[in-house]
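You will see chain A twice below: alongside chain B first, and alongside chain C after that.
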Partner chain A sequence: MKDKSITIKGWLFASPYLIYTVVFFLIPVIGALFLTVTDWNMMSPDIKFVNLDNFISAVKSPEVQAAFIVSYKFMAIILPTTLILSVGQAMLINSLPKYKNVFLVGYFLPYLASGVAIALVIKGVLAYNSVVNVWLRSIGIAIDWFNHPIFTPLVIAFMITWKFSAYYILIIISGLESIPKEIYEAAKIDGAKSWTTFWKITVPMLYPALYTIVILTSGWMFSIFGEPYLLSRGGPGYGTYTWQLSIYFNAFQRLSAGYASAVAIIAAIVTFASVLIIKRLARGWGRKYGWE
Partner chain B sequence: MVGSKFKWSTIILYCIAVLILLAAVFPYIYMILQSLANWDQVDKTLIPSSFTFRSYVFLFKGGPNAEPKPWAQAFFNSLIVTLSCTILMMFTGLLVAYALSKLKFKGKNFINNTLIFQMFFPSIILLIPSFIMLEKFHWYDTYWAMILPKSVSLWAIFMYSSFFMSIPDEIIESAKMDGANNMTILFRIIAPMSASISTIVFLFIFMERWIELLWDMVMIRSEELFTLNVLLAQMFQTYQQYPGAMYGASVILTLPIIILFIAFSNKIKEGIQFVLK
Partner chain C sequence: MNKINVKRYGAFLLVLLMGFSIALTGCGAKITSSDAKATGGTIENSAVSFEFWSAPNPTQDKFWKGMAEEYMKQNPNVKIKVSSIPEKPSSEAAIQAAIAAKSAPAASENIMRSFAATLYQSKAIVPLNKIDGWDKLVETRKMADSVKPWKLSDGNQYVMPIYNNAMQFGWRMDLLKEAGITEVPKTYSQVIEAGKKIKAKYPDKFLWASQDLGRADDWWTRWFDFLMLYDAATGGKTDFIEGTKLVADDKAALEVLTFLSELQKNNLLLPSQATDPFETGLGAFATVGPWSLPTWKEKYPDLLSNVELTLPPVPDSVNPADSKTFADAKGIVIYASVPEEQQKAAWEFIKWVFSNPDNDLKWLQETNLPPARDDTATNPAFKDFFDQNPALKKFAEAIPNSIPPMDNDKIVDLQTIMGREGVVPVVNGQKDPETAWKDMKKALQDALAK
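Right, the complex of A and B next:
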């Protein structure tokens, strides 16, 4: 009797989560699976079943192939730069004798920015008549920043790096604080150079923090939306066309709900598999340092 | 000799630190300065030489060729949506976390496992079917579409339950001896003990909800229901010839979050240590 009442209480306390999960998770997931085998355009009353046609045409379409490549392209740029920037800035803050907290708060501020507001600033700073471009033209360089096969992805990658390394600094700082000072002192007595100390002590000891950053960043690469949506619309030539842009344009501008759902499921599978592989790789890297 | 060498390296260190700090706050400074710049200087100088409130007046009053957009309404919408979601997420977070960490019941493992599964589930799949479902519920283009689907935060549940784990069970047992029920224990004893973690949960959830773009863009069609972030995104192309006004709107969008974080910055340190563990 008592067992039963305790069980009811437990489920009662957990009920907000359970109701939420059924309504806003389970039903949509089933809905998505249903949509993918239809050709529904969000309006017409009759829905045709098309089997796996949506998946087949999605895999064949250049935009989905572009989205597949673009997410890894962003990862290749953003992952190393965020790692270097967040570790560098965290170590810089850590080595300051005074005013650490001022810099800690200041360096964190980029994380609070709305992608829309920052896109606006970047668009202004790199506008045709901006200070930067006027100066560049005066030395004979003219770049169309938002319609350039190399610079457009770089600008967007730079915005994302700027924002996320701000958060990762905190993770690295708390990782640095957990390294015992004695290790560094011992290394110093043994005459280790600071470069050696960094690679042989700091990096291995920071591994849990670095692992978190690698996983968070690579997961995030599959949900980039605002920056390319506002600045490049995925262009030029699908060069910044992300999964979320593809899903958004297909569902809410071309109104092909079935096809867009198929793209969403492919995106989810690719995300899941990629993060899993990266986790494996990162674990293997950790094992080299003796982490389990 | 050694002393002076030490000083030089410290000065260089601070110079680098200040340069990076400038890069970190540059967009904020830029948008504030440009929003106050004379309109013929916007985006053409880094530091304008003459200032005006014209951009802000334009935002709320419009200009000769432009009707004013509902910026004040959008700010209000952002506030309603963000505050409702944040309060709901914290409330549901407390309840569910209490169940998962302090109550023993059948099926707890099952709930724990679905929670972890969901955290790793790419949520992009949910966007289109949720949109269709909310339309069927007649919630499309209402506040409900922005609030209810964002009323539970898995992250908040996760944070609270790992914090509650560190609270000894004896406290709950002795409260139960005194005749307190679970609700009283949760809201009178546990919740006040969680003030520092609650601050962090509040700030992060508030910030994330405040700058949400894709969901609110898909779920809302009426201009008078747009959140500030969505309205700014929608005007991105339309207001291209009024960059000063756009910077003004960005300042209005960004400043509340910055002020909130700086106001709580001394409390963030202790809470963040826990979050990152």
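Right, the complex of A and C next:
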């Protein structure tokens, strides 16, 4: 009888989350799965079933193929830069003799800034007729920042890196603070140089923090929307065309709910598979240092 | 004890679920005539109540709220709730979601021809010409010609057009004069010549600086470059897409792309992000809608006196007097999903608003958007307004020369294709005009055949 009471209590305490999940996750997912096999625009009383046509068209479409590549392109740029920046900045802050918290708050601010506001500022700063570009042209450098196959993805990657490294600094700092000082002292006594200490002690000991960052960043690469939407609309060509842009344009401009749902399901599968692979790779690296 | 606990927690769970359900129900709350009777208070005596969605634009919202208030004073048995169409993610998507959730209003404005086609094919709107009083309203509002292009493929009239922005091209006369040109260029060769002279005088400036030229996924931007020029090149004689067929005039379409290509080759185009390129004089030529004028007045008060508004330039073989332009026009629809009594009440309200030219004048004063009437430029009711706002008169005068958007529900795909296969690669110098037109035509035909 006591067990039953405990079970009921457990369900009750879990119920807010369960209800939330059912209403805002499970029901929408079932709805989306239904939409994927129809060409319904959610307005017409006539619903035509199209079997897997939406998935087939999505896989064949250049925009979905572009979204697939662009996600990995962003991951290849953003993941290492975010790691380097957040670890570097965190170590810098951690080494400060005082006012550590003031700097920590200062570095955290970009994460709190609105993505839209940042995009608008970047848009103004890098506009063709901005002071920056007028000066660059005066020294012979003419770059079309928002219509260039290399610089446009780099600008977007810079914005995301800047914002997220601000958040990851906190995770790294807490990781750094959890490394016992004695280990560094022992290494010093053994004559280890700071470079060796960094690679042989700091980085392996930061594994839990780095693992979290790698997984969060990898997942985020499949959810990029605001920056390319505001700055490049996925261009030039399909150079910055992400999964979320494809879902948005199809769902809310073309009003093709079925097709957009199919793209969303494909995006979810790709995200899940990619994160799973990255997770395994990261765990493999952790095991080398005795984690897990 | 355990039983008591179970009961207590069970009750807690029920209250939680109920609260959740009430909260969710509240999200979709909507006024209906039965609700009105039941809730009492201010709408207790309403015989009928309905919702009207205005465009997500403060001036339009203000106009409709004012109209509804006045109408309700005269018709105390009618309750109208005016609210703006939720703009996010887009007004079309908001209407789609409302229809799907069975919470559509009785009527809404801000409907363009192509979206009306989607709504009509989804059986979501009612034919206005089948409601009593349509013919009389067409006659009273003097809009027999203005409503014609709004007929949909079944021959019915589902949209009551409210305004028509006959788009113009603006020229910076100060730049033209400084380059030694005194008259506005009207043909392609004159435009290119003017561009070359401006470039010679100011190597850092461009003829046409607009980020929209380089964007394919902003499908609507094709209205303001390719289609405007196409309408002018054909003199409005040949549609681009008619229903579900590509009927474009090959010669005119190719001439437009060749014109863009020539501008690109002469370094006269800037398809990049720039802050107010026309207003700051980075470009000498730009598409202008009436909505630009209040911004200019506020941010660039001297600009308007330097700008000459004209219809789009034409190929050398076409008489500039035959130039036509794109009509950025929108109207009102009545939704099929609301009870007939609400549809009728909404129609009575619409009829009341548009039977009086003073209301069109009020609309013009508050929104600066020219009413979709055949006599907007000549009706004495608007004379004083246009005398005080001569730039807006240009838009009103051009209404008879304007062509509304296509009535194809695949407009987003079709205009995205125009950008991806035609305009954007030509503007970026990646395709020659012949290849661009061939690719664009094929892709459009494939999309239309689906």
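By our rule, the second predicted complex is superposed on the first by the 276 of 292 C-alpha atoms of A that agree within 3 Å, B and C clash if a C-alpha of one lies under 4 Å from a C-alpha of the other, contacts with A are read in each partner's own complex, and residues count from 1 in each chain.
Please note the rule applied: a contact is a pair of C-beta atoms (placed from the backbone, for glycine too) under 8 Å apart; a residue touches a chain by one contact, two chains touch by 3 or more.
What you see is a predicted model; the values in this text were computed from it and never measured.
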Let me test your reading of the model: by the given contact rule, A:R254 touches which partner, first (chain B), second (chain C), both or neither? second
May I ask you to name which of chain B and chain C touches more residues of chain A? B
Touch check for A:S44: first (chain B), second (chain C), both, or neither? second
Contacts of A:P16 with chain B and chain C, given as first, second, both or neither: both
By the touch definition at the top of the document, which applies to A:A267: first (chain B), second (chain C), both, or neither? first
Please indicate which partner A:G235 is in contact with in the superposed arrangement: first for chain B, second for chain C, both, or neither. second
Chain B versus chain C as contact partner of A:W145, first or second or both or neither: second
May I ask you to decide whether A:Q89 touches chain B, chain C, both, or neither, giving the answer as first, second, both or neither? first
Where on chain A do the contacts from chain B and from chain C line up? 8-9, 12, 16, 42, 124, 127, 129-130, 248, 251-252
Chain A contacts chain C in the complex at 1-2, 4-5, 8-9, 12, 15-16, 19, 23, 41-46, 123-124, 126-130, 137, 144-147, 231, 233-236, 245, 248-249, 251-255
For the complex, give me every residue of chain A touching chain B. 3, 6-14, 16-18, 20-21, 24-25, 27-32, 35, 42, 89, 92-93, 95-97, 101, 103-110, 112-122, 124-125, 127, 129-131, 162, 166, 170-171, 174, 222-223, 225-226, 229-230, 243-244, 247-248, 251-252, 257, 260-261, 264-265, 267-268, 271-272, 275
Of chain C, residues touching chain A in the complex: 2, 5-6, 9, 12-13, 16-17, 20, 24, 89-90, 92-93, 96-97, 99-100, 118-119, 121-124, 204, 209, 211, 214-219, 270-275, 277, 280, 282, 412-413, 424, 428
Per the touch rule above, chain B residues touching chain A in the complex are 10, 13-14, 16-17, 20-21, 23-25, 27-28, 30-31, 34, 42-46, 91-92, 95-96, 98-100, 103-108, 111, 114-115, 118, 120-122, 124-133, 148-149, 151-152, 157, 182, 207, 210-211, 213-214, 218, 229, 232-233, 236, 243, 246-247, 250, 253-254, 257-258, 261-262, 265, 268-269, 272-273, 276-277
